[in-house]
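Same chain, two partners: chain A is paired with chain B first, then with chain C.
Showing the complex of A and B:
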């Protein structure tokens, strides 16, 4: 893995207004699904994005593949902005593809799977025969024999097989980046393992970069090189997978990890790590968005949203407890940095 | 597993088969299930989609669509023969001695009545108390399931609550008539990780305080480990392995159960290739004549194809449906 940047997300912000609310001339309530998010995606890595529902991870994925336009901020792909005189969308989408959670609704039910896979090459000017042979080749690469499967329709396949079709379709234009938005969440465990193995194989075969979105912390730990933890539209922690899992610096990350069911009846949870649900995005807490559920919140946390404080080794957390001189009683003194004890595992 | 003689079982299921007619096909969802459940016990039924786990759970309250469903075998729940009970007896059972909670509380609640009204209705129906007494008890129930500012929530509609609170409200409604048995169909699957563990800890505490038995259907081995006393692994409509949860997670025995645990991603697996089970579960309208797992099983021999293996009891209180495992040499 090189540390060359493939895609940069710069201060990305997207807000929505609430539909179905009677407005009576008043502006509809708006909420920010993604609020000032910045990070770099490195060439060849798998960046995992985790967070609970409403944290903005799916909005982020749709912004990155340009299915939605941001209110503010920019996406820079290989040094050039996307849209607005930079990358033309058609060319950008050839480089950046997406696989969705719902394998059925993302396929056209009236096209055979080979036609679905061949669709994008046709749009991009390949001949019909070249597109179809590319489709058959990809069917083979994702483990579905082309003679047996090319002529089938989506409803004739199982969920795992359909997700393989979606992966083949994402790969057919030889993109540089694939956004995987909960690709295995709808699959059964025995099938999930097959698809995860396939994704790992294809990544090295096709030399692609993955942005892997999931709510399943075990799956992300297995797949990702670096990890982005989101809470209510903002990044709460960012860093190499090993160091974030070994020493989570943000109390939300720690609680998320501690909420995983134990795999031993002797180690059952006696109390939940967090109480309550994530608050509503329409009226988020002032300052740090996590403070309403945080056991170590102090008055400083209500004043402003904590920036991402660097912790060394590319690990950073948006919490005043790790910000030198931030005013939180647990913060380190100015001039010192808290480098978490990485390397404890692996 | 048979319960000790002095405690009569709360649930007794013998050779249960459930099938559905759809068009010209017959879907065989449950294909011979036997089990007993004693009071205060939690049984987790672990299985993948299509394994028949939800159909089995629903048949305990006769909730499967009556016109299309064919049931055989015997089914005793809280002293009632569910298959031969009258509609009145069933109405008394449902929500009274036996309650059920579902995966998606938004569809289980009626959207046009308040939470308080729906909980009270259950209490009025079963305990024949006044509406004001019922709504007082509804408030107590919301506090029991730790819903903050419970009094205001009583007058809210289901759509106004967050997912976690809705699931708590559904648990409150299920507990409103002090059931002896709570049936839970993936109640935490739609919840976020931090909320899921809250609901699991709550359910376990309530089960102990109220002395209920629970049958908990899940596809998640982690959830089973948090809540179960015993676990039954279901595949193609049959239990393939059954036993105490601790012994099961420490050393699963059936090849399907072993494969399922090996395929579950965990922290230790990072640089190892996952050991996936090849293939997919069989079509429930075209089950193989022998062991249903045989086509995917790496230990299969010719004898596996010739008949469905019996669920054999082992000395350790576990039972297993496989001719290759635990057989005397």
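Showing the complex of A and C:
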């Protein structure tokens, strides 16, 4: 794995205004689905993004593939800004593709699977016969015999087969980055494993980088090289998968890991690690966004949102407990970086 | 009636695993061929259309020339199979010629409304935002009036005449077609395959042409087909009120109007144009139901 940066996200912010409220001169309430998110995606890696429902994972993915425009911040792809004055949109979209969670609604029911796959090359100027042969080739690469499957319609396929078609469709333009927005969440466990292995094989075959969005920690551990944990639109922890899984530094990450179902009956959970729903994005808690659900919150946490404190080895967490001299009683002394015992069980 | 067709549809979804699959429209055609009700009504409509188109060739008499000595001849009179009307004109001839006008008034407004309303609805649904809001609110204003009342009001304002009747019926049908096209477009626009197409770099025109139109056109055309019967009935109503076609002309609604004087003396003749309207509009509705079933790709 090279450490060359493929895509950089800098202070990305996207807010939505709430519909259905009468304005009468007052501005509509707005909430920030993605709030000041910055990270780098390295060439050839798989970056896992995890978080609860509504934490901004899907908004982030749509921002990255330019299906939405950010309110603030920038996306830099291969050293060039995405958007006005940077990458031409059509060229950028050739480089960055997306696979959605719902395999059925991702495919036009009136097109055969080969036509669906051949659509993108046609848009980019390939001849009809070249597009169709590329589609058949891709069908073969994702493990669906082209002779048998090329002429089928989406409703004649199983969920796993449809998701393979979607993967083929994303790959047909030979992109450098594929955003996988919960690609296996809707699949059976047995099919899920097949699709994950297929994704791993295709990654080395096509020399592509993945941004893998999921809420399944086991899947992310299997797929990802590095991990990004999101909570209410902001990054709470970031780092190499092994180190985040071994020593989660943010209490939210620790709670996420503790909520993983255990295979051992002795390790059953007595109480849920986190209670309640995430607070409303319209009116998030002051200071640290996780404060309202955190067992170790202190007055300092209400004052400001903690920045990402580096923990070494590319691992960083947005929690005052790991910020040297932050004012939290559990914070390490200035000059030291230690990962505190957050009580995570693995 | 559809109950009788059930065994056919039960055996239908046998997915063949041929290497060469027929196209979408071939599949629709095959499903239509299996649907007996649709097949019968559609062939009836086709025969009727052929007959009224060929009216000048096959009609036994002149539709405008009556014989006052033969007024209201009963059904089965020699030479006048379906009798004669109140001015002694041959009913069969009148019904054939009247069918031309009635079908023109049934199909033409719907076709025009489909063209205009479909375009407006798809644009409104796809563009969204304030364009959508403007279009749909204007549509809602038209929706507030019952369609017959609206047709009568517009026709009354424009004056009698065939082209005015067509115009008023078109205006009546545009809002409902806009609405169907808009809602179908909105539901398609938010599906992931449209997003995926956009993420592939496709422009709006391509997306509408490849991904939106084929998925929207089905429901809109089916809805429009069902409006054809309604259009014929409203057109007949307009003629009955003296707003559509005018007396010497043969048109089913108008014939119903002029023959109503004879309803007590010759009810079986007075009712003939009504039967024609009824059968034709029922056939149009049944064909549209059959089309909907055949075009549902999961059927």
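Definition applied: the second predicted complex is superposed on the first by the 338 of 346 C-alpha atoms of A that agree within 3 Å, B and C clash if a C-alpha of one lies under 4 Å from a C-alpha of the other, contacts with A are read in each partner's own complex, and residues count from 1 in each chain.
Rule of thumb we're sticking to: a contact is a pair of C-beta atoms (placed from the backbone, for glycine too) under 8 Å apart; a residue touches a chain by one contact, two chains touch by 3 or more.
A quick note: this is a predicted structure, and the numbers were derived from the prediction, not measured.
**Student:** What is the contact status of A:274 with respect to chain B (first) and chain C (second): first, second, both, or neither?
**Tutor:** First partner only.
**Student:** Is A:152 touching the first partner chain B, the second partner chain C, both, or neither of them?
**Tutor:** In the superposition, A:152 touches chain C alone.
**Student:** Could you look at A:89 and tell me whether it touches chain B, chain C, both or neither (first, second, both, neither)?
**Tutor:** Only chain C; A:89 stays clear of chain B.
**Student:** Name the contact category of A:31: first (chain B only), second (chain C only), both, or neither.
**Tutor:** Once the two structures are laid over each other on A, A:31 reaches no partner at all.
**Student:** Between chain B (first) and chain C (second), which does A:160 come into contact with in this model arrangement: first, second, both, or neither?
**Tutor:** first
**Student:** After superposition on the shared chain, which partner residues are touched by A:206: those of chain B (first), chain C (second), both, or neither?
**Tutor:** neither
**Student:** Which of the two, chain B or chain C, is in touch with more residues of chain A?
**Tutor:** B
**Student:** Would you tell me the residues on chain A in contact with chain B in one complex that are also in contact with chain C in the other?
**Tutor:** Looking at chain A, the two contact sets are disjoint.
**Student:** Applying the document's contact rule, which stretches of chain A touch chain B when the two form their complex?
**Tutor:** Listed in rising order, the residues are 52-53, 158, 160-161, 188-194, 196-197, 200, 215-219, 221-222, 245, 255-256, 259-266, 268-278, 280, 346.
**Student:** Taking the complex as given, what residues does chain C use to touch chain A?
**Tutor:** Chain C residues touching chain A: 15, 17-21, 24, 191-193, 195-202, 206, 210-211, 214-215, 297-298.
**Student:** Enumerate the contact residues on chain B facing chain A in the complex.
**Tutor:** Within the complex, chain B contacts chain A at residues 48-49, 148, 162-165, 192-198, 200-201, 204, 219-223, 225-226, 228, 245-246, 249, 259-260, 263-267, 269-270, 273-278, 280-281.
**Student:** For chain A, which residues are in contact with chain C within the complex?
**Tutor:** Listed in rising order, the residues are 62, 65-67, 89-90, 93-94, 96-98, 100, 102, 105-112, 116, 119-120, 123-124, 147-148, 151-153, 155-156, 166, 169, 173.
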